[in-house]
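Before I ask anything, here is the structure I am working with.
Letters A, B, C and D name the chains as they come in the text, with residue numbers starting at 1 for each one.
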Amino acid sequence: MALFGSVRQRLYHALEQYDRTDPVSVVISSLVVGVIAINLIAIILESIPAYAAAYGPTFFLIELVSCIFFLIEYLLRVWVCVESPGPVNAATQAQGQPSNLGKRLRHMLKPMSIIDLVAFLPSILQVLMPGLDLRFLRILRLFRVFKLIRYFASLDILLNVLYDERKNLTGTFLIMLIVLTLAASALYVVERDVQPEAFGSIPQAMWWAMAALTTVGYGDAIPMTTLGKILGSVVTILGIGMVALPSGILAASFSDQLRSSRRSLEASVTEALEDGILTQDETERLRRMGNDLGLRPETLNELIENTAQLKARQSHSTVVLDMDGQTTQISGNGNE
Amino acid sequence: MALFGSVRQRLYHALEQYDRTDPVSVVISSLVVGVIAINLIAIILESIPAYAAAYGPTFFLIELVSCIFFLIEYLLRVWVCVESPGPVNAATQAQGQPSNLGKRLRHMLKPMSIIDLVAFLPSILQVLMPGLDLRFLRILRLFRVFKLIRYFASLDILLNVLYDERKNLTGTFLIMLIVLTLAASALYVVERDVQPEAFGSIPQAMWWAMAALTTVGYGDAIPMTTLGKILGSVVTILGIGMVALPSGILAASFSDQLRSSRRSLEASVTEALEDGILTQDETERLRRMGNDLGLRPETLNELIENTAQLKARQSHSTVVLDMDGQTTQISGNGNE
Amino acid sequence: MALFGSVRQRLYHALEQYDRTDPVSVVISSLVVGVIAINLIAIILESIPAYAAAYGPTFFLIELVSCIFFLIEYLLRVWVCVESPGPVNAATQAQGQPSNLGKRLRHMLKPMSIIDLVAFLPSILQVLMPGLDLRFLRILRLFRVFKLIRYFASLDILLNVLYDERKNLTGTFLIMLIVLTLAASALYVVERDVQPEAFGSIPQAMWWAMAALTTVGYGDAIPMTTLGKILGSVVTILGIGMVALPSGILAASFSDQLRSSRRSLEASVTEALEDGILTQDETERLRRMGNDLGLRPETLNELIENTAQLKARQSHSTVVLDMDGQTTQISGNGNE
Amino acid sequence: MALFGSVRQRLYHALEQYDRTDPVSVVISSLVVGVIAINLIAIILESIPAYAAAYGPTFFLIELVSCIFFLIEYLLRVWVCVESPGPVNAATQAQGQPSNLGKRLRHMLKPMSIIDLVAFLPSILQVLMPGLDLRFLRILRLFRVFKLIRYFASLDILLNVLYDERKNLTGTFLIMLIVLTLAASALYVVERDVQPEAFGSIPQAMWWAMAALTTVGYGDAIPMTTLGKILGSVVTILGIGMVALPSGILAASFSDQLRSSRRSLEASVTEALEDGILTQDETERLRRMGNDLGLRPETLNELIENTAQLKARQSHSTVVLDMDGQTTQISGNGNE
């Protein structure tokens, strides 16, 4: 039982907490990502009629192996999820830790678990109930692409920024909808008699308006009257704004994220230098933080040196930096 | 009379001051947004000839009910507007509060009131004066889409940013106009003999120049001579600048807005912690502020904790945080 | 002579220093902008063969009057330029003020003066020397559009930003050139045998590469082979970077400009409040500064109030604000 | 030997350390850039069949001379590289300076050296081994464009920003890939029966999805069914996000770079003013720093004056600025 628990714990860490220094974790992650990638490529290639005819059995084999793999992965994740420490807050502390069953149910309702389930369930259903629409189920399999999200830490920042700016982005979307409706109606009025096949109704004109506002410009619907071209130009120029608005919103939010993470790094540097000595350990910790923020090593070094100089000058003392096996002393009275 | 006034006041709050916690307000807002949405969809679908023939009476009914609804809404808004506290400044204080009639006239001249009026007036005019051009009036009805602005608070930020940057955006527009004119003239000179149907005059060439500068590129007018293609490439590359300039301007402005609202939140956190205790009420207030700014709860919690730590360390005292029914003590001498 | 000098000085201010409160300045500016606008529209319309045939004499008259107008404007500007205070620095102080002739020569070599000269000179040359190529000279007239630059103050910020970022923008352009060359060569190798008419040489393939990289996509040259489509997709995705890079560069620069102008406004507010009183005059001056920066009045008021509160709290004194004929007292001990 | 060494050192500085004030360095740089430019233009023109036939010998001569030139340049760089001071860190100090051979080997493995080698090696191989595929080798010659990177200092900032944001940009690319796959599959399901030639398989539909997501919109594949157009519109609107995300990421990073370089300039100004005097030398040094950052002189002057005023006011002393041969005194008690 102790062994059993220790295996479960070991697997929990390997499956759920990606750790670059743990070989088991790296191997499992690479394996899962590899199976997903091969599977997706197979699904895409299978859609080519010639390939489907020639390599049908191979595609079926890949699908079968992948499904079994995803099923095992899903079951393992449900099994090990009880090792999760769970959220620590007043509510849970008051009512005690939930039971293993409760933990498992909560795990199974997480978005990522549902994605994991959807990854193999339709294919199994298809085998059990051959009467289902095969075509649609096949496409459902492409949702497996979402399983990749778990393995790309950098997506977190992007998703956070999109979440933070949801209100502004919704507002932009609403503005776009308003402009789209009005642009389509205007062109509908102007062009419907000349080109009834492209501007014969507002929904038809919306296809043009969408292509103009997003600056895609397919060229299948183009205003032909002079007034239509003038209105079309105005709409297209407004379209630039439709690209510029979300760019601006996201830029501001990214800037804010960068600034706050930069500030927390600076605070850590200041704290590490508070005792006048930057030990090897502290250097290592700061380096890891800087790396997580995507900082180049020379930028971090510069930040440390500047902070040390400031500290030395303000406290009229000497700061000792122990970096990369080399010790530097920065004196507060030196002429730099 | 007291009841009458209290109904008016009640309705004023429900109609003009959206409050998520007031069920009457939520119901009325949802109803108005719903009627507008159904009405807009009906207008768009009515423009499809087949639908107009098949469901004519239904569209007429929707229009009729909506118009009556918008009329009642307009009258109610005019009635309750006297409950508005009105701007408080030296001028109004000197001359006393305006009369109810004055308040109502001022209300009716507000942009949103005019939009409300335009939403139903043309349709009523059409019934009264059957000789008017029906087609044009029908399109006017689409301006009802602007009524939605009132119900999307997030549009305020976008409109503020656009207003703040009006000078820079106008400047960008002027640059675009200059580049457009010169590009069209250049291509007109180069291509007019080869493609008189697309570049036969400067206004014609402007249609191409607009599509190139905005990177839409419909493909109906394309330079064919070598010199024309070289010039066209230069214009298109300048077109990237035409997209980049407003993006940059808006990004800067959004960044500025975000920074100032963030700073005012930080000031509120600092103020709330001034007495060394963050009460449940203060936490609630900060949480609402953070929510209005679109902040994730964890970001706010981090901000509060960092500020508390700084406060504790600077004043060598203990800060007490009372958050989510859980009390935390942060000591200024602890090693974090 | 005194009258003569005073007229010149009056005219100098009206012509060269736009002042919204001076009616002469406003009338002259509006007149110049109006003549330029009418003239440009006439040139553009004249390029339409039908219009040129029908309204030839009218266009000639507009051209004649405009040219005489621009000539007089040019001569007046040369005449009044001696009123310019000129740059004040050590060099000019040492050698004394330059003579009037020197000042006029320097004025005539300024970019804006050359634009003014080019605006009417070709048309006059054309009358004097009828043997010149009429067509080309006609197009030269469109450079009059640059005369508008003088009247749009907001262009200054845009031009400054573009100038500040000239190095980064040049770098972006170089990257684009490298990607363009390599993309064109790759597609030339892959597609030349299949579509010799569109990818038969590298310069031909560059036309496609340019349309793909700038996301214009005319659709006249499209890769057809599978390898060509894959390479084309990669190039197009790199094209997004070509739009994103200058957007990012300009956004950063606009942000920096906004921040520094905001900071100088904050410094002015702090300075105005240093004596604990914000007089009517100081309010007026701050309001004008804020307006120049495109700030909404409520944003400025908020900034003033926040600064006053901070000042009051820090110095434990009372700050008096005299704004819009209303006097507010902010006490440092009040509970806000 | 001393002369030999001094020639090598002289050449090292001229070749590897571009210095605007050293005429030898400027001449050599211009010569190399010139040869690369002529060579690239020749390669591009040679791809036009008519030109290749008419000017074959000329293109051969240009190629021959360039290759010999690049060979000599390469050999010279290998020869002089031993003058490089090399990285100074604890590791190299411990084991002493490497030998000349070691230095040369390390130099030859640098990316820029490999680019230099690839620039002429294929052409020489082609002469030695006439059996190789000529066509492919000819295209390889275009990689010479990378030799230009050495001469454009401004590319450093761009490459640093791209490197700093590699994680976020990879994340964006992953999101794009997911959206691309799902969009292509959706349109494949909807349109495959109507347009099997454009949407007959997922890879085919991907070509459309790529053009829609990047807002290129060639117009060769366009959804035709109503459902296809609705889905296509959603994909296209998501495409705006695909442009906005990298713009936002790069904007944030450029902003951060600009801010940190601005801050280090401000620190230098503060330091230079610490003794209350800004000497001619210090002014010169600050001016050079400002120029490297792309600052306009007036912006720098303003920064210096503001800092001087602040310093004067805080220390109640007088600050002396010695700029451009002119001495200014700023007193801390002035009422400015």
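Note that in this section a residue touches a chain if its C-beta (ideal position, glycine included) is under 8 Å from a C-beta of that chain, and two chains touch if they have at least 3 such contacts.
Source: prediction; values computed, not measured.
> Please tell me whether the contact surfaces of chain B and chain C are same or different in residue numbering, using the over-half criterion.
The interface of chain B with chain C is built from mostly unshared positions.
> Roughly how big is the turn, in degrees to the nearest 5, that lines up chain C with chain D by CA atoms?
Fitting chain C to chain D on C-alpha atoms yields 90 degrees.
> If you take the mean of the Cα atoms for each chain, which one ends up farthest from chain A?
C
> What whole-number Å value describes the gap between the mean CA coordinates of chain B and chain C?
Roughly 28 Å, centre to centre.
> Report the inter-centroid distance (CA atoms only) between chain A and chain C in whole Å.
Computed value for the inter-centroid distance: 39 Å.
> Hunt down the residues of chain C that sit against at least two other chains at once, touch-wise.
Where chain C meets two or more other chains at a single residue, that happens at 203, 206, 211, 215-219, 243, 247-249, 251-253, 255.
> Graph of touching chains, which shape: line, ring, star, complete, other?
complete
> What residues on chain A touch chain D, complex-wise?
Interface residues on the chain A side: 40, 43-45, 47-49, 135-136, 139, 142-143, 145-146, 148, 152-155, 157-158, 161, 173, 176, 206-207, 210-211, 214-220, 242-243, 246-255, 257-259, 262, 294-296, 306, 324-326.
> What residues on chain A touch chain B, complex-wise?
89-91, 160, 163-168, 170-172, 174-175, 177-178, 181-182, 185-186, 188-189, 200-204, 206, 211-212, 215-219, 222, 226, 229, 233, 236-237, 239-241, 243-245, 247-249, 251-253, 255-256, 267
> Which residues of chain B touch chain D once you look at their complex with the stated criterion?
Residue list for chain B touching chain D: 215-219, 247-248, 251, 255.
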